[in-house]
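Alright, structures below, take your time with them.
Common to both upcoming complexes is chain A, partnered first by chain B, then by chain C.
Then we have the complex of A and B:
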């Protein structure tokens, strides 16, 4: 019989392959630019980008834009969390409302909501408020849908047995419905957070006054490509960091 | 055993859906039954005969289409957590709470004070043999241990009446046997009135003071058999001539009803949501 693969060993093996892949990608980028086959104006090599990135970090010029992006994210996510959970909970109280709204929300969520950005810019201006609105709109859907799924599909036997033991409405909510729904809602929050971040960075590159996305477009338009890539790298790192934090919180919240 | 009646069921009928509906099912028809104080009554019958429905109606979890149920001398209109506790078929423990938290929550819902809850929870877990598993989550336990925990939760409520809806139904034969023996020992020490729904003839004969045999749907009680054997029952009761005789008697009573029930469901008469 073949011995079973050690999961830990497997994990390190796949980590190594992932690292190799990144190294290969950066080497490819380096040789492509070093060979002179692509214009250095359009695609600077890894060296200059790293130099610019260091400069951005040392001067601290990113701080105000980062704060703006994070503020937009925080406000949008707070609005969608509160409204998504409240509305989702209210819908979940009635099987009829679930039947009406579950497919409706799923349908609206499937359309690219970023298309509303021009409208939001007209309504709320180029500044932060249009990003609050767009981020909140987009992240509302996964949060509301998961709240409905969480509260609306609690196993009946839990409710019946709590009722037989005399649980009050509050106790039913606090000790049965909430813990049953919680993991599903947390997943919705994580999904909502991810799409809010995407929408906010994306909309900053389309129409904005400031923020990380705005800086990327600003340097692209002034043909300062190395600095643009430095900002892209920075934004990607921030996004990866935030998503990792949220995923960790999700796993913790569920256990 | 005194002749006092703990639960009085009078002319209870129940149907799911409306007449003419595709999903219309008449589950129970004009059922009357007296459960005596302190006895263990088993309800046995073919699938879909309404025995679990009757149990839910007795416990106030369901309102009958017609008829009445009285506990003591009070009519049952809803759950009576001070008088009646339930043990369900499976997985009625909250998976997000540990075993002891589950037991604690039941008493908290019922309105027991904190110090008293802690004491009773420990006692009841010890009584079902789960003293060392208090801090485990239900998902970490075997099916048999989960049902022991559910039993501890029900016992901790210290109700006079215990309604058990196929509590060992999802367990394998051997676990079932051991749990049955332990239950018999445990219950011989209390004066609880118990109604126990089961599919298993052996389980019914082993545990019950009386067995109510249901007819096929729409269910009503066909016959009640007395089993005059003191509790706690010993394992060698199972191999006795008496056990076999009563079991065969039950089998004969049930056989035709089961045939009827099977042909009902073969004709498409079985409907989800109208579980036994």
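Then we have the complex of A and C:
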């Protein structure tokens, strides 16, 4: 292999390619719509979308839907965090229980849980409760399985040495088990959060009364494409922001 | 046994309990089965005595009524359509994912430039653009396939990129110094090394394709299973709804298991 080119120069070239890619994409979008080759009903130009986006942000009409989505996310994630960690901890206390329950959880996790949505809509209605239920079900599995993995696979040497030095049960939990399991659990929480967010946006899109996903569908069905694109941009930005926050927390929690 | 009770049958309770305990401890599978039976029991009791029949059916009725679901006009066709959508989407996701993954993975410059874009796109919640897919591809199978493909291709792409990038440089250098040309290097060095991570990616892609296709089906459908889930939900027919959900869950488990088996089988060359 050839010796590496100057890494600094290479990085600038990569950045330039990325910037060019973005510029090319947006100008392609602009010319496609401006030339009239694509119907405005199917694809609005970047100008109208930007206009609608500023309008949505200025009038603040997104607030109620955003609050609903965030409430659903918060409730679902709280339910799955509490139940996932408690159940996972209880299972992890005995190697036998781990052997019994781990394949069971992994087996259920192999089913696309989005399939339960029609059932939850039937049981809990179109409003927020069905979103709580779906988000909590989907994010329960990664959280519970990572809690089991975290608490269940602590190095035996640590446990034995802490015991022989006379650690109480509480001390054992606080200074041995928890620090060992924490990074794994935090990863599970991050995974759970991501899938809960997806599940909630998804169930809002499929069957709901309000929320960001509902709003996107609403504008799609009323053929208000520019506004729909504005809402898509907004929802993607919110999701990216939330995921970035959670990833940062994950890295912080691990160190 | 100082306080042994006088009754003959209960004279020896501990060894029996211990024997049962030892028996169960040696067989976690049996306990697992017991847990499943217990959960179905709770479901049965809850559905029979506590929840309105309009909303939940007991599992005994759901599973004995499975054939009724299959006899409902349109359901076998709907299952076939969904299976067809899943297969096409999976194949397309692999083709696109491998092509894009090799393009990005094989050149260091392309990797540096496009990897952040790939990761950004992969991290975007695609569910927000589901209505767009329906607008562009219609409410037929095409939109489901397209949505499944976009969910499935990124895991494959990332797996291929990771597989190509993780090759030890010494293998490439020695192949080159022995006079291998580009194609030979790809065929005999890069390709075999890509296989294990490629199959790991295939497993994730199957999960993604299932999610994408089912999401699109549930969102809007004229003849697929999404149509029937909506129908059964709106007509308050939980027996058929749960039956259909179990059939689809079974289909998902079988597909996942097939890919997992393939992964184990084709990753074996490494250990030998």
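Methods note: the second predicted complex is superposed on the first by the 235 of 255 C-alpha atoms of A that agree within 3 Å, B and C clash if a C-alpha of one lies under 4 Å from a C-alpha of the other, contacts with A are read in each partner's own complex, and residues count from 1 in each chain.
Here is the rule we use: a residue touches a chain if its C-beta (ideal position, glycine included) is under 8 Å from a C-beta of that chain, and two chains touch if they have at least 3 such contacts.
Keep in mind the model is a prediction, meaning the values are calculated, not measured.
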### Query
Clash or fit: how do chain B and chain C relate after the overlay on chain A?
fit
### Message
With both structures fitted on chain A, tell me whether chain B or chain C touches more of chain A's residues.
### Response
C
### Task
Check whether A:235 is in contact with chain B, with chain C, with both or with neither, and answer first, second, both or neither.
second
### Task
Pick one for A:158: touches chain B only (first), chain C only (second), both, or neither.
first
### Which superposed partner A:71 touches (first chain B, second chain C, both, neither)
neither
### Query
Touching A:205, do we find chain B (first), chain C (second), both, or neither?
second
### Query
How wide is the angle at the Cα centre of chain A, looking out to the Cα centres of chain B and chain C, in steps of 10 degrees?
80
### Message
If we overlay the two complexes on their shared chain A, which of chain B and chain C does A:166 touch? Say first, second, both or neither.
### Response
first
### Task
Look at A:179 in the shared chain and tell me whether it touches chain B only, chain C only, both, or neither; answer first, second, both or neither.
first
### Message
Touch test for A:83: chain B only (first), chain C only (second), both, or neither?
### Response
neither
#### Entry: Minimal inter-chain CA distance - chain C and chain B, angstrom
13
#### Entry: Footprint overlap on chain A, where chain B in one structure and chain C in the other make contact
none
### Task
Would you mind writing out the residues of chain A in touch with chain B in their complex?
155, 157-158, 160-168, 171, 175-176, 179-180, 182
### Summary
Per the touch rule, the chain C residues reaching chain A in their complex are 25, 28, 31-32, 35-36, 55-56, 109, 112-114, 116-117, 123-125, 127-132, 134-136, 169, 172-173, 176, 207, 210-211, 214-215, 218-219, 229-230, 232-233, 236, 238, 241-242, 245, 248-249, 252-253, 256-257
## Note on the structure
In the complex, chain A touches chain C at residues 1, 10-11, 13-14, 17-18, 21, 42, 96, 99-101, 103-104, 107, 110-112, 114-119, 121-123, 197-198, 201-202, 205-207, 212-213, 216-217, 220-221, 228, 232, 235-236, 239-240, 243
### Message
Can you tell me which positions in chain B touch chain A when the two form their complex?
### Response
59-61, 79, 81-82, 84-86, 88, 91-92, 94, 96-97, 105-106, 108-111, 157
